[in-house]
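Scrolling down, you'll hit the structures one after another.
Two complexes are shown next, each including chain A; its partner changes from chain B in the first to chain C in the second.
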Partner chain A sequence: MSSLVGFLSLVFAIGINFYLFLSRYIFKFQKQKFNLFIRFSSLLTLLSFFSLMYAYVVSDFSNYNVFQNSHSNKPLIYKISGTWGNHEGSMLLWLSILSIFSFFFSFTKNIEDNFQKLTLIIQAFLHILFGLFIVFTSNPFLVNSILVNEGLGLNPILQDPGLAVHPPILYAGYVGYSIVFSIAIAGLFQNTDDEWLYVAKKWSLISWTFLTGGIALGSYWAYYELGWGGWWFWDPVENISLMPWIAGLALVHSLMMVRGEQAIKKWIVFLSILCFSLSVFGTFLVRSGILTSVHSFAADASRGIFILLIFFIVTGFGFLVFLLKEPKKSNALNLLFINKVSALVINNILMIIATLTILLGTIYPIIIEVLYNKRISVGGPYFNSTVIPIMIPGFLLMSIAPILSWQTNKINNSKKYVLAFIILSILVLIQSYFMDFNTWGFVGLLLGFWIILASIIAIFSSYKIKINFKFFKIINPHVAHIGVGIAIVGITCSSVFKNELDFNLNEGDKFNVNGKTVLFEKIETTNEINFQSLRGKFLFDIEKNQSKEIEAGKNYYPVSKMITSEAGILHQWNKDIYFILGDQKNNEWFVKVLINPFVSFIWLGVIIMMYSGLIAVSRR
Partner chain B sequence: MKLSHFYKFLHIIILSFVFFTFKIFAVENIDERVKKLTLELRCMTCQNQSIYDSDAEFSNDIKKIVKRKLLEGKSERDIKIFLVERYGEYILFRPLMNYNNIFLWSFPFILLIIGLFFVLIKTKTRKG
Partner chain C sequence: MNKIFVLTPLIILLIICIFSLTYLLSGKDPNKPPSALLNKDVPIFESSSLYNSKNIIKTKDIKNKKTLINFFASWCSPCKIEHPLFFEIRKKYPELYLLGFNHKDPASDAKKYLEDDGNPYDFVGVDSDGLIALEFGVFGLPETYLINEDGKIIYKFMGPLTMDILKNEIEPLL
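Right after this comes the complex of A and B.
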C-alpha cells in the first residue's frame, strides 16, 4: 500500500515539474501560483520518500527493495537508514533533497521574480531528468513477486550510526550545487544585474558546508569502522566527493571578488556549472559500478548509461549556454604582485589544477582498462606526490591572504609577520630535530602552525576585539583559515608521526603502550539482536585508579555472513590510542595498537570550517 | 617593509632549512624500508587496503617476500617489477613512471606551468 502511494506521488511530482517546465513556453502563470506548484511537487516527492521509509520501518517485504535490503530484526535506526543504504533508495533521497532545495529557494526574497522563476524552471528540468531515471531504471517501489516473511538484510558495514547520517548530509552538499547551477544558468539568460551573484554565494556556501560535513563524517566512519587506523585512502569514491568540494571552495572564494567589485562573472558561472557537473559525474561513477569500492552497491550497465546520459545533458546544456550567452565582459582584473585579487586568482588556479589532477587520477585506470585491457591502480602515493605539492603555495598564501588589500600590494604590520615566521620556523626545526626528522612532517607542521599564527596576528592587529556577532562576521575568513591550519596540523601529525605496536597476547597478559601498562583482561563473546560480537577487553593504564576500559573486536552478521572489525579507540585530546584485535593463533591473540597523535585536530579543524561556512552565509 | 622583501626572506629561510635537513637522511633500517614499500602495494584480496595495513594471508606473504628481497640487496624497483610480473600493475598504488604513464605524471605539472604563466602575464608589477 505505502509503495503504491510512494510510486504515485513520485510520478505525480514529476508530472507537475513537467508542467512547470513547459510553463515557460506554453502555459504562463503567475509567480504565486508557480511557487505553490513547486512547493506542492516538493511535498509529493517527500511523501514518496517517506512512504518508502515507512515500508522499511514496518518491514513490508512485499516491496522488492525492502526485501532485498532489510531484515525484520534490525534495530529501528538501521531500518530507517536502510532506506538510503541501497541504490534505489539513495537515488530517491537525491531527488527528495533536490526538491527540498527548490522548496526553500521558492521562498527567497530580494530577488527578481522572473529570475527566481527561471531558476526554478531549471530545477524542474533537473527534477524531471532524475525522476525519470528513478522510475525507469531504479524504481524502489517494485512489488516482490514471491511471498516472503523475511528480508535479505542490510550490508553490515553500513549498520553504523555515522553511516546512517553520512549519505543525507553528503547528498545535501552534492545536490545543493544544483541550485547554484540553476542560478548561474538563469543568470546567463537574464543578464540584468549582479544581484544573482549574492544569491549564488549563499547557496554555494550552504552546499559547501554540507559537503564538508558529509565528507568528514565519511572519513570519520572509515577511521573507526574499517579498522586500519587511517581516515583517508584516496579511494575513488573519496576522490569523487573531494572534487566538487575543492571546486566549490574555489567558487566560494571567487564569489568573494564580487564584494571587491571585481566580479569575474565568466569564471564564477564556469565554476558553478563545473561543481554540479562533478556531482553528477560522481554519481555516475559510483552508481554505474565502474569503480570497485565499498560504495558501489550494485553494478548495472543500464543505470550507468542513463546517468551518463543525464551527465551529458546537464554538462552539455550548461556549457553550451555558457558559450552562447557569455556574460558581459567584466572590468579587467587588478592583479598586482601581490594583492587580494591576485591571491584569489592564484588560489583558484591551484584549486582547479588540484581538482583536475584528482579527476585524471580517478578515471585514469578506467581509460587504461578501456584502451589496453589492463588493470592498473592510481592510489594514495600518486595523489600525495602530485596534489599536495601543488596545494602548498596555496596554503602559504592563505595565511596572509585575508589581510591583503584589494587595491595595493602594501601590507600592514609586515614586520610582525616576518618575525613570527622566523620564530615559528626555529621552533618547528627544534621540534623536528629532537623527533625523527621527516620532510613532510616538517613542512606540514610549519604550514599548519604558520596559518594559525598569521591568522591570529591578523585578527589582533587589524580589528578591535569586540564580542558580538558583527565582529565574528568580520573575522570569519581568518577563523576559517585557522580551521584549515588546525586540520593541517592534525593531518600531518596523524599520518607522519603515527606509531604502531604489535603484540601476541594471552588473556591476562600485561603489556606496555606509550609508557602505560595495559592489561588484556579477557575475551568475551555475546549474541546481539542481529549479530554476534567478539570483544577483547583491555584496561588502559592500570597503575592508576581510574583506568580506562577499551573494547576492540569483531562482529559477525549471520544474515549476510560478513565479519566487520570494530576498533577500540581511546580518545585523548592530543592522541588517539587505537586497538585492533586480530586473529587467534597458537592460543595467542594478535593485537595491534596504533598511536595516532593529534587526530582530533582534524575533526576540530573541520568543525571550525563548517562553522565559518555557516557564518559566511549570513554575511553579504 | 614591502611584501617582496617578505618573500625574499621566506626564500632564504626555506632554502637554509632544506640544506640543514640533509644531514638527517640517515640509513633506514630494514623494517622501515619494508613499510615504505608495502604501503605502496595493494592487498589484492582486500578492498582498498595497502599490504602494510592489511593482515590478510596474501599481504603477510608479500611482506615476507619484500623483506627477503630487500635483504638480498634487490632495489625497490626490482621488487616492484618482480611483483608486477606476477600480479600485474594493479598491485602498485603508485603507477610506474614509464612511457605509458607519461601523461598521468606530467599533467599536473603542465597545468601548473600554464597557470604560472597566466598569472605572470596578467600581473602588473606596479600599481596603476
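Right after this comes the complex of A and C.
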C-alpha cells in the first residue's frame, strides 16, 4: 500500500512539474497559483519519500527495495537510515531535498515575480530530469510478486550513527547548489537588477555550510571507523565532494565582494553553474559504479548512462546559456596592486586551479583505462604535491584580505601586522628548532597561526568590542578565517607531527606511550547478533588513580566475510591517542599506537566555519 | 579571447562525457562484484537432503566434478524467475552437478515449491539456519556459484540468472 502511495505521489509530482514547465510558454499563471503548484509538488515528493521510509520502518517486505536492503531485526534508527542506504532510496532523497529547496525558495520575498517564477521553472525542469531517472531506472517502489516475510539486508557495515546522518547533510549541500544554478540561469535570461545576487548569496551560503558539515562527518567517520589513523585519503568520492566545496567557497566570496562589476558578475554566474555541475558529476561518478570506493553500490550501466545524460544536459545547458547571454551593463573592475578586489581575483583563480587539479586527478584513471585499458589509481602523493602548494598563497592572502581597502593600496595599521608577523615567525622557528624541523610543518604552523593572529588583530583594532548579535555579524568574516587557521594548525600537526609506535605484546604486558605507562590488560572475544568481536583492553596511564580504559579490536562479519577494524581512541584536547590491534603471531599481539596531535582542532575549525556560514546567511 | 573563456567549459564537458560514455559502454559489468572467495576453495559445509535427512552432502562429495551451487528459497521471487533456466542447464550439460541450497525455508514450503515448479537439482541441501549461506558470503537470494573440479569457486553471480549471462559468462567456463 505504502509503495503505491509513494509511487503515485512521485509520478504526480513529476506531472505537476511538467505542467509548470510548459506553463511558461502555454499557460499564464498568477504568481500565487504558480507558487501553490510548486509547493504542492514539493509536498507530494516528500510524501513519496516518507512512504518509502514508512515501508522501511514497518518492515514492509512486499516492497522489493525494503526486502533487498532491510531486515526486521535492525534497530529502528538503521531502518530509517536504510531508506537512503541504497541506490534507489538515496536518489529519492536527492529529489526530496531538491523539492524542499524549491519549496522554501517559493517563499522568498523582495525579488521580482518573473525572476522567481523562472528560477522555479528551472528547478521544475531539474525535478523532471531526476524524477524520470528514478521512475525509469531506479524505482524504489517495485513490489515483490509473491509474499515474503523476511528481508535480506543483513549487511551491517553501514550501520553507524555517523553514516546515518552523513548522506542527508551532504546531499543538502550538493542539491542546494541546484537553486543557485537556477538563480544564475534565471539571472542570465532576465538581466534584471543586481537583486538576484543577494538571493544567490544566501542560498549558496546555506549549501556551502551543509556541504562542509557533510564532508566533515564523512571524514570523521573515516577517522574512527577505517582504523588507518587518518581522516582524509584523497579517495575519489572525497575528491568529488571537495570540488564543489572549493568552487562554492570561491562563489561565496565573490558574492560577498561584488559591487556591480561586470567581470565579477560573469564570474559568479560561471561559478554557480560550475558548483551544481560538479555536484551532478559527483552523483554520476558515484552512482554509475565507475569508481570503486566505499560508496559504490552495485549499479548497472543504463543508470550510469542516464545520469551522464542528465549531467550533459544540465551542464551543457548552463554553459550554453552562459555563452549566449552574457551579463550586460555595469562598471569596470577596480583592480589595484593590493586591494580587496585584486585579492579576491587572485584567490578565485587559485581555487579554480585547485579544483581543476583535483578534477584531473579524479578522472585521470578513467581516461587511462579507456585509452590504454590499464587500471591505475591516483592517490595521496599526487594531490598532496599539487593541491596543497596551489592553496598556500591563497591562505596567505586570506589572512589579510578582510582588512584590505576597496579603493587604495593602503593597509590600515600595517606596521602592527608586520611586527606581529615577524614575532610569530621567530616563535614558530624556535618551536620547530626544538621539535624536528620539517618544512611543511613550519609552513603550515606559521600559516595557521598567522591567519588566526591577523584576524584577531583585525577584530581588536578595527571595531569596538561589544557583545551583541550585530557585532558578531560584523566580525563574522574574521571569525570564519580564524576557523580556517585553527583547522590548518590541526591538519598540519596531525599529519606532519604524527607519531607511530609499534609493539609486540602479551596480555599483561606494560609499555610506554608518550611517557605514560600503558597496561595491555586482556583480549576478549564475544559473539554479537551479526558479528564476532575481538577486543584488546588497554589501561592508559596506570600510575594515576584515574587511568583510562581503551578498547581496540576488530569485528568479523561472517555474512559479508569482512573484517572491520575498530580503533580505540583516547581523545585529549591536544592529541588523540589511537590504538589499533593487529594480528597475533607467536603468541604475541601486534599493537600499533598513533599519537595524532591536535586532531580535535580540525573539527573545531570546521564547526567555526559552519557557524560563520550560518551567521553570514543573515547578513546582507 | 572572451569567447574562448566561455567555450572552454563546454569543451571540457564534451571531453569528460565522451570518455565517461566510452567507459560505460566498454562492457564492464558492475553486477559482478569481485567475491572474496573467487578462485579460493569452496567453504567447508555439510547439509542434509530436503527429502531424506539421513542423506548428507559434504564438501568432499563435490570434488572431481564441476558443480553449480544455487541458493534459493520458496519465498524469494527472483528465484522463481530464474528457476526454469536450471532445466535448460540440466538438459544441455547433463554432466554438470546441480546443487541447490534451500535457504531459511520451512521444509513443507520448499517441497511444495519444487513440486509446483519442478526440481532441476541433483541434490537439494537444507540450509534452514542460513549458516551455509554465511560461509559462502551470500548477500541476497538468489546467488549462484560455479565450482571447478579442484573444488575452487571460479564464478559467482548475484541475482537471478538470465539466458544472456548463462550464454556469455557461464558457458565459456564449462
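We adopt the following convention: the second predicted complex is superposed on the first by the 600 of 620 C-alpha atoms of A that agree within 3 Å, B and C clash if a C-alpha of one lies under 4 Å from a C-alpha of the other, contacts with A are read in each partner's own complex, and residues count from 1 in each chain.
Just so it is clear, a residue touches a chain if its C-beta (ideal position, glycine included) is under 8 Å from a C-beta of that chain, and two chains touch if they have at least 3 such contacts.
In this text the structure is predicted, and so the values were computed from the model without any measurement.
Overlaying the two complexes via chain A leaves chain B and chain C side by side, clear of any clash.
Geometry note, superposition on chain A: angle between chain B and chain C about the Cα centre of chain A is 90 degrees, to the nearest 10. Touch counts on chain A: comparing chain C and chain B, the chain ahead is B.
Shared-chain residue A:147: touches chain C; no touch with chain B. Residue contacts after overlaying the shared chain place A:407 against chain B, while chain C stays out of touching range.
Within the superposed three-chain model, A:281 lies in touch with chain C and out of touch with chain B [touch as defined at top]. In the superposed pair of complexes, A:569 makes contact with neither chain B nor chain C. Of the two partner chains, chain C is the only one touched by A:370; chain B is not.
When both complexes are overlaid on chain A, the residue A:179 reaches neither chain B nor chain C. Look at A:321: by the touch rule set out above, it reaches neither chain B nor chain C. In the overlay built on the shared chain, the residue A:415 is in contact with chain B alone; chain C does not reach it. Closest contact between chain B and chain C, by C-alpha atoms in the overlaid model: 10 Å. Across the complex, chain B meets chain A through its residues 1-6, 9-10, 13, 17, 20-21, 24, 39-40, 42, 47-50, 53-55, 88-95, 100, 104-105, 107-109, 111-112, 115, 118-119, 122-127.
Interface residues of chain A facing chain B in the complex, by the touch rule stated above, are 228-230, 233, 235, 292-294, 333-338, 342, 345-346, 349-350, 353, 356-357, 360-361, 364, 368, 372, 374-382, 385-387, 390, 396, 407-411, 414-415, 417-418, 421-422, 425, 429, 437, 439, 442, 582-583, 590, 592.
Those residues of chain C lying in contact with chain A across their complex are 3, 6-7, 9-10, 13, 16-17, 19-26, 28-31, 33, 36-37, 75-77, 80, 104, 134-135, 137-141, 158. Residues of chain A touching chain C in their complex: 64, 68, 144-150, 152, 155, 270, 273-274, 277, 281, 284, 288-290, 296, 298-301, 304-305, 308, 311-312, 315-316, 319-320, 322-323, 326, 363, 366-367, 369-370, 558-562.
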